[in-house]
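Presented below are the structures under discussion, each in the form of C-alpha cells.
What follows is subunit A paired twice: with subunit B in the first complex and subunit C in the second.
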Partner chain A sequence: MTRHLKVDAPIPDSPLDHMAQGVLGKPVSRLEGPLKVTGRATYAAEARPEGLLYGVLVQAAIPAGKVLSIGDAPGAMVVIHDPRLIRYAAQGMATEGPTAGPDEVEYMGQAIAVVVAEALEAAQAAAQALQVTYEAKDVPVDPEAVEPERPEDKQSATGDLDRAMQDASHTLDQIWHTPSHTAAAMEPHAATAEWSGDTLTVRAGYQMLATSREQLADAVGIKPDQVRLLAPYVGGGFGSKLGINADSVAAAIAAQQLGRPVQVVMTRQQVFDLAHRRSETRQRIRLACDTQGKLTGIGHEALVSNLPGVSFSEPVTQATPFTYQAAHRQIVHAIARVHRSCAGSVRAPGEAVGATVFECAMDELAETAGIDPVELRLRNIPDTEPCTGRPFSSHKLAEALREGAARFNWSDRRPTGQRREGDWYIGMGVASAVRVNSLIESRARVTLQADGRAIVETDMTDIGTGSYTILGQIAAETLGLAVDRVEVRLGDSDFPPASGSGGSFGAASSGTSVYLACAEIRSQIAALIGCDEADLTLQNGQVRTGNVSRPLDALLTGELTGDGHLEPGKTEDTVRQATWGSHWAEIAVNRWTGEVRVRRMLGVFACGRVLNEKTARSQCLGGMTFGLGMALTEAMAHDPRDGHIVTRDLAEYHIPCHADVPPLEVHFLTESDTYVGPLHAKGLGELGICGAGAAILNAIHNACGVRVRELPATPDKIIAGLQS
Partner chain B sequence: MQISLSVNGTSHELTLDPRTTLLDALRQHLGLTGTKKGCDHGQCGACTVLLDGRRVSACLTLACMVQDQPVTTIEGLGTPEALSPLQQQFLDHDGFQCGYCTPGQICSATAMLKEIAAGWPSHASADLTGPIALTHAEIAERMSGNLCRCAAYANIVDAIRQAAGAQGDAA
Partner chain C sequence: MKPFTYHRASTLTDRPAGATIIAGGTNLLDLMKHEVMTPKALVDITALDLNRIEAHGDGLRIGALVRNSDLAADPVIRRDYPLLSRALLAGASGQLRNMATTGGNLMQRTRCPYFYDTRMPCNKREPGSGCAAIGGVNRNHAILGASPACIATYPGDMAVALRALDAEVEIESPAPRQVPLSEFYRLPADTPDVETVMRPGEIITAVLLPAPAGGQQRYRKVRDRASYAFALVSVAAIIGMENNRIAHAALAFGGVAAKPWRDPGAEALLIGQEPSDTLFGRAADLILQSAGGYGGNDFKIPLLRRTLIATLRDATGMEATA
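Moving on, here comes the complex of A and B:
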C-alpha cells in the first residue's frame, strides 16, 4: 500500500515528535562509513565487468565551428563520433537529453569523439595523437562585449528606485564581479556502460537518477525502462552531476557499437571543461536608506552568461526580493550569449554569488550610514514577504544574527583598520545567510522483514550528504528499531524514484517519502495488534499499546511493505519557504604581502529539524569552506581570445586546502517549520555557502580598509588596495 | 612488460603496458579500487599510498619503478570489521562526506604521523629541531596535499589529533 501526501497545508504537530526510539537527530556515524574509510565503497569507475574496454573523450580545439575530419587512431580499436554524442551536460531535472551532434562545436573543449581501446594507456595515447580538422568561426566569448538578452519575466520593479536613491540619507551604488566557478567534486565524472540485449546498464556518478535515466534514454535513442542507472556511491556532486554528461552517453554508444562493456572516465581537465560552470556575474547593487538605516530602495542588476539556446541562467537575484524590506525595488536579469563552456548549477545557484555580493553591499551601506552591520540588517528584516505579502513559513534571520553576535564576541570588533598584531591587520565580518527551500516529488519503499529488520529502497543518492544515514534514522525512529536493524539501499534506478540530491531538497523530500512508507507499515502493525496507529508505540523492536507489549518479530507472520509518496503542494505558494542563518569571520591581512588568513569562522543556521547533528554539521562546514574559496582563491579564468578555461586543473583552480581552513564552528538554531511536511525539516546542503564569502570580504575591509569587489580577494588586489 | 608488485603483503606478477602508473595498476589490474584517481597529476592527493611506509602519489609513480618496494594501500590498513585507529577516528569525527578523497587522506595521515614522530619539521613547526606539537596548524599544514571538496578538513584534523593522542585545544 502507498501512503501519499501532498503538502497542501501546514502540519503543526510532527508525528516524529511522538516516536519513542529517540534516534532521529542524533549524531549517528555514517552507516556506509566503514566502507568509505577502508576503500571498499565502489564509485562509478570501479566496476570491472568482464571484457571491459576503455574510452577516452576527445575535445574540440576551436571555440566554435564544424568538425571537418577526424583521423585514425593507431593503437586504438575505434574512434567514435556518433551524432548522438551530446555537446554539453544536461541541466538538472531535464527530462530530455541535451543537444547532440558533436560535429557542430559550440565551445572549446566540447566532446567531439571517443577513442576506445583494450588498455587505458593505449586509449589515452591514441586520443592525444588524434588528428582533427575544423572549420572555425568567430564567436563572442566576452559576456560584457555583447548585447545581452533581458527576458521580460526575469525583470521586476516596484515603486521608483531612482527617486528613492535621490531622496535617501545614505546610498550605495557599486558594481561587483564574480568569476566562473566550478564544483570540482573529487570524483571525476565517469561511466561504465554495458548492454544486455537492448537493455543498458550504466554505473555512473549522478545525483538524480530518475531524470538522468530519462535524459540518457533520450540521448541514446531508447526508452527509459531500457536504462538502469547505478550510483550507490557518488564522489561529490555540488551540482556538477545533476544531469547526464558526455561520459555516460559516449560509454553507452561505444558499448552498443562494440558489443562489450566500456568505461569512460573524464580527466580532471575534461571535468573542468565539460561539467557545468557557475556563470561569472557582474552585479550592480543600489541601496538607499534613511537616517536610521531603514532601507527605502533596493536594486540588484545581474549580468550572467550561457551558451546560445541553453535555458539555465544563474538566478543571482533569487533571494533579493524577500531578504530585506524596502518600498522601492528593482531587479534586472541579463543573459549574455557567449561561447564559453556551458553554465549550470553549482552549489546554491543564485544565492551563492547573489547573496554573497548583496551582503557585501549591506556592509558598505552600514559603514556609510555609520550603523553597526548587524544592527543594519536587524532593522530591515521584513515581517512578510515584500511585494507579495505572503507569510514566511518560518523566519530565523534575526535570531541567527543575535545568537551569532553573542557567540562570536562581535562586540570585540573594532572600527576599520584599528586592530593590528605585528604585520597582520585583524578584522571581523558578518553576513546574513539565506537560501530558498523546496520539496520535490519523492517515492520510497520500506520492507519490514519477519525477523524485525527493515530495508529502505529508493533511487535517492548519497553524494556525501548523509542520505544513507538520515534515511536509516527516519526509518529506525518511525518503526522503533535500532539503526543497525535498518538497511538502506540507494542509487539504483530500479528502486522507487526519489527527488535525487540537489537544491538542498534531498533530505526533506526523500526523508518524507521514507517516513510515509514507514507510517504505512505502522498502520499495518497497528492492525495486527488491534489498535489505532496513533495508539501504537514502537521502540527497540517492541510493540506497545495500552498495557499490551509484544516483540515485533513475534507479532509479524511475514514481511510488511509500505510505499511512501511525497508531493509538494500548496505550501509552495501560500508561504515563502527559506532557510536562514548568519556567517561570521575573523581574518588577518598581512600588511606586506596582502595575504589573507582566516582565523575563525562561525555559522549559525536554521534549517528546521536537524536529522543528524553530525552529518548536518559537516554539510555546513563544507558550505562555509566553499564560501572561503569563493572569497579568497577560486576563479576560472577564460582566455579572452577563445573563451577556453585556462585554470582547468586543481593546481590552477584553487579550492581550499587543509592549511586554508581554520577550526570552524557551526551552531544550529532550534526550528520547527510546519509548512514543509511532517518532518519539519528543510535543506541545509547549500545554506552554508550563501553569504559565507561575504563575511570574509567584509572582515578584510574591517581589518585593513580594502574593499575587493572583483572576487576572489587575492593578494594582488589587497596590495593594490593597501597602496591606494 | 612483466612487472612484479608487492601490495599489502601479497606479491603479484603482472603484464602491463610500460606506461601504466602505480595508480592504474592498482585500480585496473589488481582491482584495488580503494586508491582513488582525482586528478592524475599529483594535485589532489586522492591516490596517496604508502611506498615502504612513505606517502607518495600513485598517479605520479610508474608501476615499473616500484617493483622492489612494498606498497600499502587503504585496503591494507584495515577492514570494515577491523578499522585502524585512524579509520575509526575518521568515522567517529565524520572526517569525510562523499568518501572519495578519504583513502588518500587516511594513507597520508598514517605516514604523516610517522614523519612527526621521526622529528621532521614543517613550515608550521615552531622549532626545527625540538619536539613537534600536534596542533591544528601543524596537522593542517602537513595534510595540505590532500584536497577534500566536501571540506571535511576541520573534522579530519580533529580525527587525526584524536588518533595520535593529541592533548589540549585545537589551536
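Moving on, here comes the complex of A and C:
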C-alpha cells in the first residue's frame, strides 16, 4: 500500500515528535563510513565487469566551429564520433538529453569523440595522437563585451528606486565581480556502461537518478525503462552531477557499438572543462535607507553568462526579493551569450554568490549610515514576504543574528582599522545566511521483514552528505528499531524514484517519503495488534499499545511492505519557505603582504528539525569552507582570447587547504517548520555557503579598511588598497 | 602518455644514452601524462647511493637523492641552514616532499599553465610556436629577466634558499664540475627550452653548501592560499647584524623570474646601514628597476617590494609596531 502526502497545509503536530525510539536527530556516524575508509565502497570508476574496455574523451581544441575530420587512432580499437555525443552536461532535473552533435563545437574543451582501447593507457595515447581538423569561427568569450539578453520574466520593479536613491539619507551604489567557480567534487565524473540485449546499465556518479535516466535514454535513443542507473556511492556532487555528462553517453554508445562494457573516466582537466561551471557574475547593488537605517530602496542587477541556447542562468537575485524590506525595489537579470564552457548549478546556485555580494553591500551601507551591521540587518527584516505579502513558513534570521552576536562576542568588534597584532590587522565581520527551500516529489519503499529488520529502498543518492544514515534514522525512529536493524539501499534507478540530491531538498523530500512508507507499515502493525495507529508505540523491536507489549518479530507472520509518496503541494505557494542563519568571521590581514588568514568562523543556522546532528554539522562545515574559498582563494581563470579554462587542476584552482581553514563552529537553532511536511525539516546542504564569504570580506574591511569587490580577495587585491 | 623504455640504474654510468632521468617523479610523471615531455627512455636512479647528507669541508654535501622531507627535517640543516629547511617546508605538500628529491627539485619545470596545455603555443615546450602567456592569463609569471619568447617562472622554493646560501651543484659528466647555483639556471632569451647549464648525459650528484652563514635566516613565501600553492613572490634572506647595522646580507627571490633572482647591488646597498623602511625600500627599488609586468602579474612589483620590506624588518629585528 502506498501512503501518499501532498503538502497542501501545515502539519502543526509532527508525528515524529511522538515516536519512542529516540534516534532521530542523534549524531549517528555514517552507516557506510567504514566501507568508504576501507575502500570497500566501490565508485563508478572502480567497476571491472568482464571484458571491460576503456574509453577516453577527445576534446575540441578550438573555441567554436566545425570538426572537419578526425583521423585514425593507431593502438586503439575505434574512434567514435557518433552524432548522439552530447556537447555539454544536462541541467539538473531536465527530462531530455542535452544538445547532441559533437561536430559542432561550442566551446574549447567540448567532447568531440571517444577513443576506445583494451587498455586505458593505449586509449589515452591514441586520443592524444589523434589528428583533428577544424573550421574555426570567431566567437565572443567575454561576457562584458556582448549585448546581453534581458528576459522579461526575470526583471521586476516595485515603486521608484531611482527616486528612493535621490531621497535617501544614505545610499550605496557599487559593482562587484565574482569569477567562475567549479564544483570540484573529489570523485571525477565516471561511467561504466554495459548492454544486455536492449537494456543499458550504467554505473555512474550522479546526484539525481530518475531524471538522469530519462536524459540518458533520450541521448542514447532508447526508452527510460531500458536504462538502469547505479550510483550507490558518489564522491561529491555540489551540482556538477545533477545531470548526465559526456562520460555516460560516450560509454553507452561505445558499449553498444562494440558489444562489450566500456568505462569512461574524466581526467581532472576534463572535469573542469565538461562539468558545469558556476557563471562569473557582475552585480550592481543599490541600497537606500533613512536616517535610522530603514531601507527604502533595494536594487540588484546581475549579469551572468552561458552558451547560446542553454536555459540555465545563475539565479543571482533569487533571495533578494524576500530577504529585506524596502518599498522601492528593482531586480535586473541579464545573460551574456558567450562561448565559455557550459554554466549550470554549482554549490547553492543563486544565493552563494548573490547573497554573499548583497551582504557585502549591507556592510558598506551600515558603515555609511554609522549603524552596527547586525543592527542594520535587524531593522530591515520583513514581517511577511515583501511584494507578495505571503507569510514566511518560519523565520529565524533575527534570532540567528542575536544568538550569533552573543556566541561570537560581537561586542568585541572595534571600529575599522583599530585592532592590530604585530604585522596583522584583525577584523570581524557578519553576514546573514539565506537560502530558498523546496520539496521535490519523492518515493520510497520500506519492507519490514518477519525477523523485525527493515529494508529501505529508494533511488535517492548519498553524495557524501549522509543520506544513508538519516534515512536509516527516520525508518528506525518510525518503526521503533535500532539503526543497525535497518538496511538502507540507495542509488539504483530500479528502486522507487526519489528527489535525488540537489538544491538542499534531498533530506526533507526523500526523508518524508521514507517516513510515509514507514507510517504505512505502522498502520499495518496496528491492524495486526488491533489498535489505532495513533495508539501504537514502537520501540526497540517491541510493539506496545495500552497494557499490551509484544516483540515485533513475534507479531509478524510475514513481511510488511509500505510505499511512501511525497508531493509538494499548496504550501509551496501559500508561504515563503526559506532557511536562515548568520555567518561570523574573525580574520587577520598582513599589513605588508595583504595575505588574509581566517582565525575563526561561526555559523548559526535554522533548518527546521535537524535529522542528524553530526552529518548536518558536516554539511555546514563544508559550506562554510566553500564560502571561505569564494572569499579568498577560488577563481576559474578563462583565457581572454578563446575563453578556455586556464586553471584546470586542483593545484591551480585553489580550493582552501587545511592550513586555510581555522576551527569552524556551527550552532543550530531549535526550529520546527510546519509547512514542509511531517518531518518539519528543511534543506541544509547549501545554507552554509550562502553569505559565509561576505562575513570574511566584511571582516577584511573591518581589519584594514579595504573593500574587495572583485572576488577572491587574494593578496594583490588587498595591497592595492593598503597604504604603502 | 607515449610508450617509453625503463631502466633502473645500478651505477652512475649505468644510464642508456639519451635516457631522461627519473627520481621522485613528482613533476616528470605529470609532464609525461600530458605529453609535455615525451622521453623515449627513462632511467630510474633511485637505487643509486646518492641519499646521504655528509660533511664537506666547512659545509655539507647533500646527495641528489635526499628527499625533500628528510632534508627539511635533518638536525644539522635545521641548526645551521634553517633557511633551507624553511624553504623546503614552504613547498608542495607533505606527500610530495616525501617523494621529491634534491636533484629533481632543481630540475623541476615551470608551472606556466600554457606550458602544460599542448593545445596552446609555448616556446619552452615547442620552440618557435610562440608564447600564449603573453596576452593570456599570466598572474603568476615573471617580472624580471623575461623575454618576448617566454615569461615563465622557475616555480620552486628550495633553489631560492640555495641561491641565498651560495650553494653549488655537483655534476657528474665526462668532465665533472661544480656549478654555482648563480650560474645553473639560464634566463629564457631566445631559447626558453634551455633552462639550465646541464648538458646531455650529465647528472646532478649533489648540492654543496658552504660553511654556515649564521645570522638571521628567513624564508617568506606569499601565495594565494596558505599552503600547497606556488609562490607569487618569495624572499630568502640571510642577515647578519653588528652594532645595529647590517653587516651581511644575502637576498634571493622566487616566483619572479625563470631563476631564483639575486641582486648583489641591493645587498651592497644594505651593508653598513642601520635598518629602516626607507633603506629597505631603496633596496627593493634597485632590484625592481628593470621589472615589468604583463597585465595579470603587475601586482608582483609592489608585492615583492612589500614582502622584502617585511622580511628585512623581521630579519633585522625592527619592531613590528613601527
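Note that in this section the second predicted complex is superposed on the first by the 722 of 724 C-alpha atoms of A that agree within 3 Å, B and C clash if a C-alpha of one lies under 4 Å from a C-alpha of the other, contacts with A are read in each partner's own complex, and residues count from 1 in each chain.
As a convention for this text, a residue touches a chain if its C-beta (ideal position, glycine included) is under 8 Å from a C-beta of that chain, and two chains touch if they have at least 3 such contacts.
Note that the coordinates shown come from a computational prediction; the quantities given were computed from them, not determined experimentally.
By the touch criterion defined above, A:659 lies against subunit B and subunit C together after alignment on the C-alpha atoms of chain A. In the superposition on chain A, A:593 makes contact with subunit C only, not with subunit B. Of the two partner chains placed by the overlay, neither subunit B nor subunit C lies in contact with A:116.
Looking at the shared chain after the overlay, A:264 reaches neither subunit B nor subunit C.
Touch criterion met: A:647 reaches subunit C, while subunit B stays clear of it.
After overlaying the two complexes on the shared chain, residue contacts for A:187 are found with subunit B alone; subunit C is out of touch. Judged by the touch definition given at the top, the superposed model places A:125 against both subunit B and subunit C.
Once the two structures are overlaid, the count of subunit A residues touched is higher for B than for its counterpart among subunit B and subunit C. Of the two partner chains placed around the shared chain by superposition, subunit C is the only one that A:632 touches, whereas subunit B remains out of contact.
Contacts of A:61 after superposition: subunit C is touched, whereas subunit B is not reached. In the superposition on chain A, the residues of subunit A touched by subunit B in one structure and by subunit C in the other are 121, 125, 651, 656-659. If you check the complex, the residues on subunit A that touch subunit B are 29-30, 32-43, 45-46, 48, 119-122, 125, 183-188, 233-238, 265, 267-268, 463-466, 614-615, 617-619, 621-622, 624-626, 649-651, 655-659, 661-664.
Of all the residues in subunit A, the ones that touch subunit C in their complex are 61, 108, 121, 124-125, 128, 420, 422-423, 590, 592-595, 597, 632-633, 637-641, 644, 646-648, 651-652, 654, 656-660, 714-716, 719-720, 724. Those residues of subunit B that touch subunit A in the shared complex are 17, 19-20, 24, 27-28, 31-41, 43-44, 46, 73-75, 77-81, 83, 87, 90-92, 94, 96-103, 106, 124, 136-137, 139-141, 143-157, 170. Only residues 1-3, 33, 35, 111, 113-114, 117-119, 132, 135-137, 139, 220, 222, 224-230, 232, 299, 302-303, 306-307, 309-310, 320-321 of subunit C touch subunit A when the two sit together in their complex.
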